[in-house]
Amino acid sequence: MDLISFRDLDKGTVEKIFGLAEDIDRQLERKKVDKLEGIMATLFFEPSTRTKLSFQSSAERLGLQVVDFLADRSSLKKGESFTDTIKTVDGYCDVMAMRHPAEGAARLAAEVAEAPVLNGGDGANQHPTQTLLDLYTIRKLKGKIAGLNIHLVGDLKHARTMHSLVYGLGMFGAKVTMVAPKGLELEEHMVHEAEKRFNFKMESRDSIDLKDADVLYVCRVQEERFIDKYEAAKVKKEFTISADYIRKGKKDLIIMHPLPKIDEIPPEVDAMPQAKYFEQARNGIPVRMACIKMLLEG
Amino acid sequence: MDLISFRDLDKGTVEKIFGLAEDIDRQLERKKVDKLEGIMATLFFEPSTRTKLSFQSSAERLGLQVVDFLADRSSLKKGESFTDTIKTVDGYCDVMAMRHPAEGAARLAAEVAEAPVLNGGDGANQHPTQTLLDLYTIRKLKGKIAGLNIHLVGDLKHARTMHSLVYGLGMFGAKVTMVAPKGLELEEHMVHEAEKRFNFKMESRDSIDLKDADVLYVCRVQEERFIDKYEAAKVKKEFTISADYIRKGKKDLIIMHPLPKIDEIPPEVDAMPQAKYFEQARNGIPVRMACIKMLLEG
Amino acid sequence: MDLISFRDLDKGTVEKIFGLAEDIDRQLERKKVDKLEGIMATLFFEPSTRTKLSFQSSAERLGLQVVDFLADRSSLKKGESFTDTIKTVDGYCDVMAMRHPAEGAARLAAEVAEAPVLNGGDGANQHPTQTLLDLYTIRKLKGKIAGLNIHLVGDLKHARTMHSLVYGLGMFGAKVTMVAPKGLELEEHMVHEAEKRFNFKMESRDSIDLKDADVLYVCRVQEERFIDKYEAAKVKKEFTISADYIRKGKKDLIIMHPLPKIDEIPPEVDAMPQAKYFEQARNGIPVRMACIKMLLEG
């Protein structure tokens, strides 16, 4: 079994992963984790320090050892094919975690490798463990996902994980409001796919109104996406989540962000009890441990 | 004890390594490997992702931990001498695996380090674990080496491991046919050294004829080696191992390659039962584990 | 608890670390080390192969696993704040070892991280484990520090660890002689701080005279520090520690150096029994193990 796309997973499997992650969370707290044996190879053909560290740390918490394929110093330079690289590394490990700039790379790797493959991001496409840890964080902090008002705010078009996230939120029955600047909305076919699959309807807005939000999921708006610099500055300002905005929201509002954040959330927000993005990042550990465990044992 | 050159080993030692590797192969299959304790340092002064990963994975399968000396970011830039670097790293590990562009670097390291040193390639010179895994692969797949018809095909002059391989094939009594383009033959003094030492005679050809081959060991022919581009293209084509060539050979022919391969073996060959190069790469694990074990325990 | 500056430590704590290091030294000799569990993250925002390797090796000898944050390929490039990086990595490890070019970076990290932080050097400022291993080496080789004649020789102004070392030598009651070229003396306020704090007086000279030295601690003199090339060459020559100099000293003189050395100590000195700098580097292992253990258990 591999973990390539969130959309390969049915609700039962997602809930199985959450159950495993909860068990592991308890084990981590007691500092007594059930250990596995074996080697994880990390292959990051595109730099992503935090995702790679999170996978490596998760593997090590499970008792695995790690080897890191440093893609930029590799045989790739000598012209070796991607599948040859995968087949060779396959002989050196029991499970692979991979990031690649090309869509479909992880699925191709999964086809040629005997070892299970975990997709840590392929192009603008899939990043299933991010979606899993996002959903897990909401569930853990709110006790449920169904019926919650989830506001997705920022550049939803270019955010790598938004596509899977709306799909996952649909799967678990959340009420989704998408708040994006004009031209940076989530692509229509992605909206329709999720709505049709889970028979629900998402709301769209072009300005922030947090009044009824239970969860605020923030994505960065990048100036480079605008032709007009004046427009860019105006929109960036509107989509900066100030402490004032947050104080006007529900008291138990939680703020999430896939990180790294730059200035879309000012530093003073970090100290507010609503800010949960570092906790969200920490949840990557039990969730990725659960995924690795499922793949190695399944 | 160190492992610097295949030619430092007598047949008894090579057979001891093969015996250890067979044991380890069985242990790996049962997923119950006898563990050692300690730290391996990898020092690759020249990039070689696959050799480094193979050493690291082998060490970890044995229960060792790994530290990696990233040579390009090192004190070397500050002008430190090679022997000072080795003496310092020596204090941080129990065994070293090293690759260096300069001939003799590994032997020099072995002289100044207390920890055993494994040579993972020094210049165009020695790469003993590659030769050991090549011979181990033939022995494992064919049940023996003695008397087999082994064809070495391609640019034998520049292939790093060819020198040791003919020596090792001589040691085990194989019949060797060297098939190289004109000007890219194995250097005469290397041929004579092996022939004299093991009292046998190798055949030389300049075109491929697989009819009686039991093993086909392929090396890349690089265009850069030719002055005449037309000649280069012609030779490259002749030395590409097509599926058609292979179908004309013995049914139980095995095809080996030190990898990475580029286009000297077309991708369609990978699926043929004769293609054993990925299995050959995998054999690097038990063979390197055997070498590490021997050095640490010997 | 964190380990940011040697000056945060009182004598009792330093002696506790030395006691732990002695225990660990004995355990390392018997190859039976009491193991801990957990993950160390190394964050080197400035390359330092030997310090990083020493921390990683120390952690692994204690049974910890290691993840390495490769700073140059990191989210830093995307503009993430230093504290965000630390908060995220904090979620992936149990202890951090860090080097950063900016003074105060390690202390800032310690403030935002829950995991204990070990400062492996921040700018020209602090590098407490180096000072600890320097003192530990003197104590181990000489049986004591108090009353010994310690000569500090070379560019004391720019040597990162000199400031802490004179402070530590004062704490343990050594007699300190500072021998620096004109203009490269240790800064006065550092001299005064140590002298006042520990109520002693250090001597200053501008040329080497080893007659009564028990310990010679050598720092590199870099030509770039001089405007006049002729002056630079003359001073460099005077401050090169030749075998002749050493033969004129006490028989049980020990020579130390923080490494890497270039030409301030000629290679022929390495073989003299007085040369202890590689042993000094090796002492980094038990000392850093002791520090990690104290932070994780304290």
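Per-chain residue numbering starts at 1, and chain names A, B and C are given in the order in which the chains are listed.
In this text, contacts are C-beta pairs under 8 Å (C-beta built on N, C-alpha and C of every residue); 3 or more make two chains touch, one makes a residue touch a chain.
Keep in mind that what you see is a predicted model, and the values were worked out from it rather than measured.
Asks: Given the touch definition stated above, what is the smallest step count connecting chain A to chain C?
Replies: 1
Asks: What angle, rounded to the nearest 5°, describes the rotation that places the Cα atoms of chain A on chain B?
Replies: For the C-alpha superposition of chain A onto chain B, the angle is 120 degrees.
Asks: Chain C and chain B are one sequence twice: same or different residues at the contact, by the over-half rule?
Replies: Here the answer is different, because the shared fraction of interface numbers falls below one half.
Asks: How big is the gap, in whole Å, between where the Cα atoms of chain B centre and where those of chain C centre?
Replies: 41
Asks: Of all the residues in chain B, which ones touch at least 2 other chains?
Replies: 65
Asks: In the complex of these two chains, what residues of chain C are touching chain B?
Replies: Residues 31, 47, 49-50, 53-54, 56-57, 60-61, 65-66, 259-262, 267, 270, 278, 281-282, 284-285 of chain C touch chain B in their complex.
Asks: What residues of chain B sit close enough to touch chain C in their complex?
Replies: Contact set of chain B toward chain C: 37, 39, 41, 65, 67, 69-70, 73-75, 77-81, 83-85, 87-93.
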